[in-house]
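Inspection log for the structure reproduced underneath, given as structure tokens.
Order of writing sets the chain letters: A, B, C and D. Residues in each chain are counted from 1.
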Amino acid sequence: MLYDIHSDKWREECGIFGIFARQENVALSTYWGLYALQHRGQESAGIAVTDGNVMDVQRGMGLVNEVFRQGLPELPSHIAIGHVRYSTTGSSLLRNTQPMLVNFSGGQLSLAHNGNLTNAHEIRAELEQKGCVFQTSIDSEVIVNIIARSSRPTIEEKVIDSLQDVEGAYSLVIMTEQKLIGVRDPHGFRPLCLGRLGDGWVLASETCALDTVGAEFVRDIEPGEMVIIDDSGVVSRRFAETDRRAGCVFEYIYFARPDSVIDGQSVYQARFNMGRTLARESKFKADIVISVPDSGTTAALGYSHESGIPFAEGLMKNRYIGRTFIQPDQKKRDMGVRIKLNAVTSVVKGKSVIMVDDSIVRGTTSGKIVRMLKDAGATAVHMCVSSPPIGFPCYYGIDTSARKELIAASKQVEEIRQFIGADSLHYLSLKGLHASIDHIHEKTLCNACFNCDYPAHTPGEGDCSNNKFLFEPSKE
Amino acid sequence: MLYDIHSDKWREECGIFGIFARQENVALSTYWGLYALQHRGQESAGIAVTDGNVMDVQRGMGLVNEVFRQGLPELPSHIAIGHVRYSTTGSSLLRNTQPMLVNFSGGQLSLAHNGNLTNAHEIRAELEQKGCVFQTSIDSEVIVNIIARSSRPTIEEKVIDSLQDVEGAYSLVIMTEQKLIGVRDPHGFRPLCLGRLGDGWVLASETCALDTVGAEFVRDIEPGEMVIIDDSGVVSRRFAETDRRAGCVFEYIYFARPDSVIDGQSVYQARFNMGRTLARESKFKADIVISVPDSGTTAALGYSHESGIPFAEGLMKNRYIGRTFIQPDQKKRDMGVRIKLNAVTSVVKGKSVIMVDDSIVRGTTSGKIVRMLKDAGATAVHMCVSSPPIGFPCYYGIDTSARKELIAASKQVEEIRQFIGADSLHYLSLKGLHASIDHIHEKTLCNACFNCDYPAHTPGEGDCSNNKFLFEPSKE
Amino acid sequence: MLYDIHSDKWREECGIFGIFARQENVALSTYWGLYALQHRGQESAGIAVTDGNVMDVQRGMGLVNEVFRQGLPELPSHIAIGHVRYSTTGSSLLRNTQPMLVNFSGGQLSLAHNGNLTNAHEIRAELEQKGCVFQTSIDSEVIVNIIARSSRPTIEEKVIDSLQDVEGAYSLVIMTEQKLIGVRDPHGFRPLCLGRLGDGWVLASETCALDTVGAEFVRDIEPGEMVIIDDSGVVSRRFAETDRRAGCVFEYIYFARPDSVIDGQSVYQARFNMGRTLARESKFKADIVISVPDSGTTAALGYSHESGIPFAEGLMKNRYIGRTFIQPDQKKRDMGVRIKLNAVTSVVKGKSVIMVDDSIVRGTTSGKIVRMLKDAGATAVHMCVSSPPIGFPCYYGIDTSARKELIAASKQVEEIRQFIGADSLHYLSLKGLHASIDHIHEKTLCNACFNCDYPAHTPGEGDCSNNKFLFEPSKE
Amino acid sequence: MLYDIHSDKWREECGIFGIFARQENVALSTYWGLYALQHRGQESAGIAVTDGNVMDVQRGMGLVNEVFRQGLPELPSHIAIGHVRYSTTGSSLLRNTQPMLVNFSGGQLSLAHNGNLTNAHEIRAELEQKGCVFQTSIDSEVIVNIIARSSRPTIEEKVIDSLQDVEGAYSLVIMTEQKLIGVRDPHGFRPLCLGRLGDGWVLASETCALDTVGAEFVRDIEPGEMVIIDDSGVVSRRFAETDRRAGCVFEYIYFARPDSVIDGQSVYQARFNMGRTLARESKFKADIVISVPDSGTTAALGYSHESGIPFAEGLMKNRYIGRTFIQPDQKKRDMGVRIKLNAVTSVVKGKSVIMVDDSIVRGTTSGKIVRMLKDAGATAVHMCVSSPPIGFPCYYGIDTSARKELIAASKQVEEIRQFIGADSLHYLSLKGLHASIDHIHEKTLCNACFNCDYPAHTPGEGDCSNNKFLFEPSKE
């Protein structure tokens, strides 16, 4: 049984990549593109390729370098799409890996999906009524089935037709024998961008993948936009109007790599600003600012910059940490977190410390880190979180804990502070968060996990009443 | 690259197994059932199970003991089906492994198939026109799609409905959350039998699998019959009339295990009789009768019995032979066959030898064995083949070489004799073959590979004219 | 945990192979040589090679084709030695694999050993007193240490020097950067033969390995002989006089492949003769003679030949049987044996049967087979064993059960018959055994496991008194 | 073929760990201890355990979590030692993994070694002359052989005796059936420390391993000290006088984890100070200070602190980077470094940048990073290196490039600056380095790689003449 050491964070579900380029080894470029997107999914990976006639796909469980240990698809190709995936243990099966590759009346089709359809269950039931069978539990299979059933003449039309039926979050890369297609849902929940690589084109979840393969950023795909790429270039088509843009705010807080730029906003800059805002909001006094590495570091630097309190590396992360098949001894106090993190005594001993992390999900890890710092001699630990309390689950492509596992769904801030044993605790206000993401208007972001304002259909709970934290963050 | 040492034989494509038993570990029984059917397919294996609510499936490439090296499906279950498969390299892919497991409007369905649908291509095209997508290249996917599209109310009706559309060879085991279903096509090309295990029931391609799991043979499933097994017992339904039974004659010649009984005919007895008939037909004189082990041995014993010429083990087989990733040195004369077989000099030296084998496909291996015997001192090698010349490909579930690779499709018996370097060569006549299978009427067997008399639709060549051997065997 | 289905036989401990040939791919030839010797050891395999300057070795657990799945040693070489090994689970460790490869004052040395040194423990203790360290528990490490400590100038002298100290059974292949050396102990317990391959030379445990690689048999290495092979050809040196040749009689009964010839005696012929002698001794009447495949078959044919009772295949063996990680359901009666063997009902039903097997160790498997035959309808089962009762353990290279596990060490023949449920039971007499091995004088064989007459030093029990079977076989 | 993405750094050769504790799962503690020391060796790992009677060892190639994927040694034990290892490809073989486990006259002994014996070759030759054989190419085998040959009565005496012969660098953990022994060479080249875990004791290369297993730091083992741990506690013995302490200065610069404390000096604090000193020495002016992550970060923070120039994350590292079997496309400019690092455009665009790295070996990677920053818009890149130029190879346990690969061995600083394309380049002076390591006197450090002042015997080149950089650093 595999024990995942990173256990108290929300999980991005997927990263996608596509390339159309006659001068490139497209399978290899996709490999490195997925390598750059590995943080978006570590459970499985896959690459599909075509030479214009035949398609081939290779998929497997594990990290990108594990899945392709024996080599890449060998077909000499000029179009490829790829996918990395994280998912909960239950559905983490070989048969759920992507890209999906099917034969249909129009030939072959391969598709990779980042996001979550909120009406997948209904569509699936409907399609089953019409005689469809499903071999996986992934949304991609739903989408390819609707595409295949469309009576429209061209693949572009079929895709557009199919998108009328689906709701929720979807960034897609689709490959036919002739074309590479990119699609972003009308709300723009999940990112997708376009790059230029020599004479060819690249689609990727994040710009860091463009940088890694040496492609130049061209632009983000617009919500409700479809781009069709073939030898004649890139054609853009709008398949839906957007009355409510809703880019996921958590991409800026935690998911995306800081070197990516999403919808015009540098992730690094957003996090740095969150730290600065946190400093202005919290006004904590201390000897040093430290971060919970690596995701809290940029905000911690912002906090240090704004407050003038020096930044130091008070916690050191084991760089080789990863998956392990040996379970830590759970009888040992804090064993789990000590495997991953260690306090730097010479930094924290005798010091009051402001500790910056990006988010708190269940709170158990935070509590262990606070204790570790105090054991190492910190005189006080003031915890700053660069996001508001998470009170509501996400239905748009993040693998969230059920709401009852969210500490902020059942505890007040002061209760949380006591639970984690910090001397102070401050969450970034929603207003402060929005101020930090300074290139994007707050109304075009999805903040539902903080304020229960779901911009699109939700399949489940969706009940915002009786939530003690709903309005609290905005008090600040 | 894997080098298969057994290279000059036709290949059975599949073996299937199913079990419904509340007192058994059904996954384990299926494992051992597939173990017993391993000779019917060595490229992939799979087991699907259900506890009445949930289904799980585990599939992989390799032998049964390799695929389940890490364990069996863990779901505590009372129904299971299993599959072993051989296939040509091209389509030997992970995604083509069986059993197939799907969700459809009626719940979950798992299916394993032995045989070959001759109109799969047409149905597939039709279904694609109706919006179906296909993720594999196996017939099972075609069948589950037709089942799922049936408007009939019960699963039995749906299956029956679907079978109206398909042609060719199919023995099926189908599992729903509640039932185990066995189906045999109206011609009865491929075998399927029913056994009793305690309070439960077993379906298997061959009786040897019943023996292995400790089940008692009940009866063969009839061509055109469907059996539905659940807690209330076994119900039989006839879904089609048969005007032409056509059990595969090659099961008796080579495919099935000699300890199996198919449609009332002991395979062992049939082979023994073939040897006796061969002796009467060929009237060869020699010092000893030997076999090409292991498949030729039973017929050789029959030959010895009839002729009074003593049987001896003139060729010894390496018991550990199997797949290897190291290629034999092809520059070396006969390296390939020497890895597998070795002449027993003390047996053959100075002797004239009658060598019995079950069939000749390309003839290259036979030539090498003849040379090996002569190198070991045999004074003469008279080759006897316990089947008529194979002149026509099979479309009903055997992985046959293309017709141009069949030596008997382009060469007369005398030419073949010269090619393999034997002193004499005799093929069993078709009449003699039928006489040997004494419990089954020749009109209820499929002999198409010998006489081009295809009992059902064929997708391909199907042209019997201009074949020099077509009528020859019956001359004898 | 691996479950070995072949569980009630004595085990040969090793097979060895060596080659010196400038025109051959020696690593590849060694691979195929080991393939042919696979029956002598299935737990680990290894190949060492040299190009005259550098040595390389590759070793691993598993069958030959598993160990070298990723390829053979790549060094372009002209000398190679190889080893296959069986051993009890306890010591079946990666670090005990052979060939051993060491650096010593004379350069590099690689060595592979078949047999068992009876004073290894004493030498090991002595060497440890002199400061030696041991990293494995295999005898090869003892031998290389004595060789390395020899003060003699040449490697041949060092080897001869070292052999003065060791007692017991040893056939060795030794490789230096320049030479290939073969050694057989003064008693000649384990076989070793020499072959010619083009301009080069081959050493192998059995002639079947020569046949497989295409080498011509030259002669057996004599007990007490060392052969030194290099570019100038083969030089023979006698390093010890033999007052008592003692070739292992069990090689003829069970271990060796029937197509091998050992010390001038065809293994096949010996087994066939054993069957004939058994027929004359037992005088059983029955409808058919069957064998426990595969090892009992040749003797069964001899029995049939002598008695005139027809031979038939009453038991069929699963050809794909091997190692499995799934344990058979032990609650099921006879599950273990049914996985491996199945009765052919059409052969045995209503018949009285003479069943020939090569040996009985614990007797449990024999009992299950007898029951299986009766369940299939055999009216009587007369068991014939082509060896005398095994009453004493082997100290010369066979992995024997402790004496208390030997059924014949504690039970009379009649008791054993009752234990296995046979209608009659006859063991081949020692005299009959010797008569069957007609090319070798009985005084030059080791029969210690039957008569406690150990031809060389024994480390252990060695007490022949109070053994009820000691004289019994000679009564007959 | 495995491609290592981290390619332009010196490599620590090993990490070691030992534990004696009756209340702990010592195999599990060793596992996590090795996990914490993984940065000291990623090529192989091993754990040996004993229960007081029997010893067992498990070793393999790969990361700790890969080697023990199937589980830890199962023997219930109270003593264990472990080892992680990096080594050059050539000798990176399974048989060179540690800990070594041997039988000798005193029983069993297991040993793991960090360091490099400079007279191993001579001792090995001497021992071979005395009849020793060597199965590996690791120094541990040399040491166990000398220990085993010692005539002294106790294991402690034998170890002390053996250490009179060896020269060079060695930190050792040794395990007998009864005792755990720790040894550090008289120069103290490589670190070794002692910790307390409940009633038991722990030895480890670095304190970070103590922290991870929950042990409390007690003290460093002294150069020339041996500690013997058994049920009666810890006994210290001095086996050699030290006239020249020589702790490896590179542990502070790059090898050790920043959260470790070695010989009283916090590694973090040393690196922070190096950054401060660099700032004082270089006096560069720029908009921001950035680091080459992760190893350059602490020094960069020190630089920022001293200079007042803000620190920012200008380069982002792929956290999932590791080993890959797919080779980057080498035709692509900078592909290799882009896989690992990416510039954060929003941070560096339009800015002049001070980039801090810990060392320069060949200089190729530094050049690519400088170009990456300029491509991202940096107006100037001033490179600061927190160590002096490396002009001489290490013979004491670091896998160094040959001297001709060291850019500083053949190029002046200005030439190097041009080679890497930086606007300025400053190396920390040796004096500045020593000032930064403020808790240790410079005379007790080994700086040979910078100034050719080898504190102990060297086997090789050792020629300090004619080296242009020899005196340069001290100019500053």
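What we mean here is this: contacts are C-beta pairs under 8 Å (C-beta built on N, C-alpha and C of every residue); 3 or more make two chains touch, one makes a residue touch a chain.
All figures in this text were calculated on a predicted structure; none of them were measured in a lab.
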Please work out the Cα centroid separation of subunit B and subunit D, and write it as a whole number of Å. 61
Report the inter-chain centroid distance for subunit A and subunit B in whole angstrom, where each centroid is the mean of the CA atoms. 50
Whole-Å gap between the CA centroids of subunit B and subunit C: 36
Determine the shape of the graph in which chains are vertices and touching pairs are edges (line, ring, star, complete, other). ring
Listing every touching pair of chains gives A-B, A-D, B-C, C-D
For the complex, give me every residue of subunit D touching subunit C. 94, 100-105, 109, 124-125, 128-135, 144-145, 148-150
Please name which positions on subunit C make contact with subunit B in the complex. 25, 28-29, 31-32, 35-36, 38-39, 42, 63-65, 68-72, 208, 211-212, 214, 257-259, 261, 266, 268-269, 272, 294, 297-298, 301, 305, 310-313, 316, 318-326, 328-329, 332-335, 338-339, 342-347
